[in-house]
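So, here come the structures, one by one.
Shared between the two complexes below is chain A, which pairs with chain B and chain C, respectively.
Up next is the complex of A and B:
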């Protein structure tokens, strides 16, 4: 009897409380994810779905028609990510540092103004920039002309060598508010007394930023980097809105998202192939998983969390 | 030489005046404590000396130089903050060395000074740890070490013990006193704790509402308070103030008698009922309600068997009583 009393009772309330979240998450995330992974092992032969093992992946990486497109998209995606890391995040940090300066006037106005593009739809941003940069109706050539820099103008979205960089910078323009806000919050959480202690020791201005503030916001910068990585490798909307699913000119702006879209749903003359599409989606999932794991186990675990 | 001279310091935040007409001097090697209730402006005064706030008017002179427009780092001061304010991302050693590095001191000098401070403060076994791995007392010592390595003309302490528990507070207090003796540097120490003020200071500055109430050595202030506020602020338990005492006072004035100057007698000028007894072992405090319905505290040395509810008679020596007028000024 005593033993029975002492044995822990199954705690049903835990199951009950977890159930709603687990059910919803399973229905919209876990089930589709695993179903996509499953689908990538099938192919349609004579209008029949048959199991083909790793054949789709073999085709994706072995068949030049597929693999050239895949490596092109992956390479473009890396460039897209690199521009965000080298332009968006440093600018975000710099803006946050400037905004957190107590003597800046209208800080709240600048903060909102810089953040507003983030809440705009990709369609609006893509279309608006397409119009701005258009050589025919765009205001960009006219504005450059007005300051005598007309020679600098090129149809940036229409040239293979510029189009991807241009779109990356448009995306940077749209999302620079997010690292800015996160870093701004991190900077505000640094206690005033630490900065005053530094001031008494002569560490002010830029050296206070490099020696005190930057080390203390490193954990936030890490979070921003991984958020940028995931968002960039899942990106699709801006390219689609600005350049269409063919990611022109000549696939020079094609990233994994647009490549997946064309393959899965089909576009113009290309027929949709959900099985090859799933194979690409699975490859994307693994790339992102790998990146996140590298970050979590390689970088995050070595980073110190500071309590003030 | 004079370490610090403040002349007619005024400081206002907008319309609120937090310091008005503060003038005082700190001699070379002196330990000066600013004491007062919270909001009296003592921390603001320290920040004005440090240069973290600018005085609205008046001059600050450190080591004979007017430093009103000198940035904090060039004033020859070092400050220890209430929250320690250590750099969380640096080790103990780097915390102490960062300021010197900023001054572009040669590496050998930095190492030498940091090593000396680590030795002096008994931090050798923690020197390569981060602040988050240290206890409150150890962090406090690192903060003091960071001040020492700067070899300042003037040390500023902003309530450095208020985040420590009672036992540690006493130890650290003694360490700070020992440090002052060893360095024989000029120090300014801000606190709201009268015990810290009495035990550490060569000179106490009592502040209230942004004004200096009285300046003097601890015993001067205890034996000879200028007004009712100073009399009531220093000494524990606090001085008793009687409006209906046995000695004549001016209209609306009060009679002040310290609890330790009252004694139990069979016949006395004060009688009352004991409402509470605190037995501390070495002392016994009686809370007494007098016949005139005024609450007073009596401090008896040693142990006493008086019970709650007992009616007792008290007396005191006339020269131990202070008389204050309606405004609280001492009448002599």
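Up next is the complex of A and C:
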């Protein structure tokens, strides 16, 4: 019962409770977001900010210097996302499935240990892997040598054709803990009776996983996919920490986040251009919005949720 | 009963798989930490060996502690993280209470407005945020970072805490009202203590991303005296890239505080992640 519902006085306390959060959120998040979208229609001419309509977007998509960089970054970003979906999430689900076995000993230990990379900063992760994979130090070649696969070694981070995939796998290594935890939680919430009923029918082990558990955790897999998508399409830190703002070798690891950083903040000889930066940020905003809408209206609304 | 689920072969296979993955997860951290205690020659000659009496050396740590202002960086990170968490929890809980407790026109709309930020990353607005911070003179202050992280953390905080606050019994609050408590007292004295678990979840979710962020410190507060530990170690390692002892020691020192936080809060974190707070 809400007693104050029909109170004739204006309820100031509601305003007081809401104001700080709404003000900070609006001023520091929503307003700059729309201001960035607005700035993408401006440019600096003779040190004056003037409205130029869609000119920045014409340059971004029409001028080969910009459009090549943009499509390169977008393509790399898609590959980055694809590897997360194909490697990180299946491994996370598999680990969660094993962990959720009843009566498995040391489950808490495994869970905590596998989650450790997730809490480390990108700077640590980027440099640690850079050192380990480095041909100078020789840990990676030494280990491959020990199993007789020495010929497979290459300076992965230094080769254009491998660098992006290697960094994606490093990122997978770092974040596998998140899908693992979320799926683990979803698996634990499946009632024991359902599994026992399946067992009576002779469905156990792997087939119980495929036929019973997997369909029940599909909504969680959907959430993980959209979280991965949003995180990947504004990723920046790992690439910057491992390869620098130029996302080398020869921009082969450039993703939208590093492209945005270089463009609006400037790097080395390139001067920062906030208006072109805003145009790239607007493109990123549209991509993320598209993904989120696709998920909300295309996937989530069609998914059946089971209430236990 | 569940013989198939207790099959000893399956158990062994499960442990083997988990053990292998645990080794993969911990190996890089292990290699970095053990080599940070070795002399330069030992680092290269036997990278996988534990430091012994002959190869033990603290030269890297000496360089780091002499050159870098790591205590200052650490202090900055601490101020930013604790400050942001304080405002996220206070403002978030207040807004969540308003949305969960009172019926007023625009309630649903306000809830949706605040929830927008859960999915849209704040980084998209960086260009305008930087401009605003320059105009207000907040650039290169810790306040710039605290404001940004507070705005970033609020949407999820309001969402999680309002779910919790709907479960607080109405009888309790109404009893408070009959006793003449103001709405503010009801919130601070009666409701806030009851939603402590939700606040812990929110705090733990926000703590690690704020501590580890590189993007906003790099753009909003790159000056020496306001560098966070993450940015500080990034810059330091970039400068000492050929001094392997120093780099490995700096990495180990950067791992240390997060590991301490993790050991203290891991139960909260895992409980939060698995309690379905993100459903």
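Just so it is clear, the second predicted complex is superposed on the first by the 289 of 308 C-alpha atoms of A that agree within 3 Å, B and C clash if a C-alpha of one lies under 4 Å from a C-alpha of the other, contacts with A are read in each partner's own complex, and residues count from 1 in each chain.
Here is the rule we go by: a residue touches a chain if its C-beta (ideal position, glycine included) is under 8 Å from a C-beta of that chain, and two chains touch if they have at least 3 such contacts.
This one's a predicted model, so the numbers in the text were calculated from it and none came from an experiment.
Novice: Can A:30 be said to touch chain B (first), chain C (second), both, or neither?
Specialist: second
Novice: Which partner does A:285 contact after superposing on A: first (chain B), second (chain C), both, neither?
Specialist: second
Novice: Look at the residues of chain A and decide whether chain B or chain C touches more of them.
Specialist: So, of the two partners, C touches more residues of chain A.
Novice: For A:239, using the defined touch cut-off, is the partner it touches chain B, chain C, both, or neither? Pick first, second, both or neither.
Specialist: In the superposition, A:239 touches no partner, neither chain B nor chain C.
Novice: Just chain B (first), just chain C (second), both, or neither: which does A:21 touch?
Specialist: Touch partner of A:21: chain C, not chain B.
Novice: Could you look at A:96 and tell me whether it touches chain B, chain C, both or neither (first, second, both, neither)?
Specialist: A:96: touches no partner chain.
Novice: Touch check for A:193: first (chain B), second (chain C), both, or neither?
Specialist: Touch status of A:193: first partner only.
Novice: Output check: A:217 vs chain B and chain C. Expected answer is one of first, second, both, neither. What do you get?
Specialist: Touch status of A:217: no partner.
Novice: Tell me which partner A:204 touches in the superposition: chain B (first), chain C (second), both or neither.
Specialist: The answer is both, since A:204 touches chain B and chain C.
Novice: Determine where on chain A the residues touched by chain B overlap those touched by chain C, and list them.
Specialist: Dual-contact residues (chain A): 196, 199, 204.
Novice: Show which residues of chain C lie in contact with chain A when the two form their complex.
Specialist: That would be residues 1-2, 4-6, 10-11, 14-15, 17-19, 21-22, 24-26, 28-29, 31-32, 43-44, 47-48, 87, 90-92, 94-95, 97-99, 101-104, 110, 113-114, 116-117, 119-132, 147-148, 150-152, 154-155, 158, 170, 174, 177, 182-184, 187, 208, 211-215, 218-219, 230, 233-234, 237, 244, 247-248, 251, 254-255, 258-259, 261-262, 266, 269-270, 273-276, 278-279 of chain C.
Novice: Under the definition above, what is the set of chain B residues touching chain A in their complex?
Specialist: That would be residues 50-52, 71-74, 77-79, 81-83, 85-89, 98-99, 102-103, 130, 132, 146, 150 of chain B.
Novice: Tell me, which parts of chain A touch chain B in their complex?
Specialist: The contact residues of chain A facing chain B are 191, 193-194, 196-204, 207, 211-212, 215-216, 218, 304, 306-308.
Novice: Considering only the defined contacts, which chain A positions touch chain C in the complex?
Specialist: That would be residues 1-5, 11, 13-14, 16-18, 20-22, 24-25, 27-33, 35-36, 39, 91, 94-95, 98-99, 101-104, 106, 110-125, 127-129, 131-132, 137-139, 142, 173, 176, 178, 181-182, 184-185, 188-189, 196, 199, 204-205, 220, 223, 226, 230, 234, 236-237, 240-241, 257, 260-261, 264-265, 274, 277-278, 281, 284-285, 288-289, 292 of chain A.
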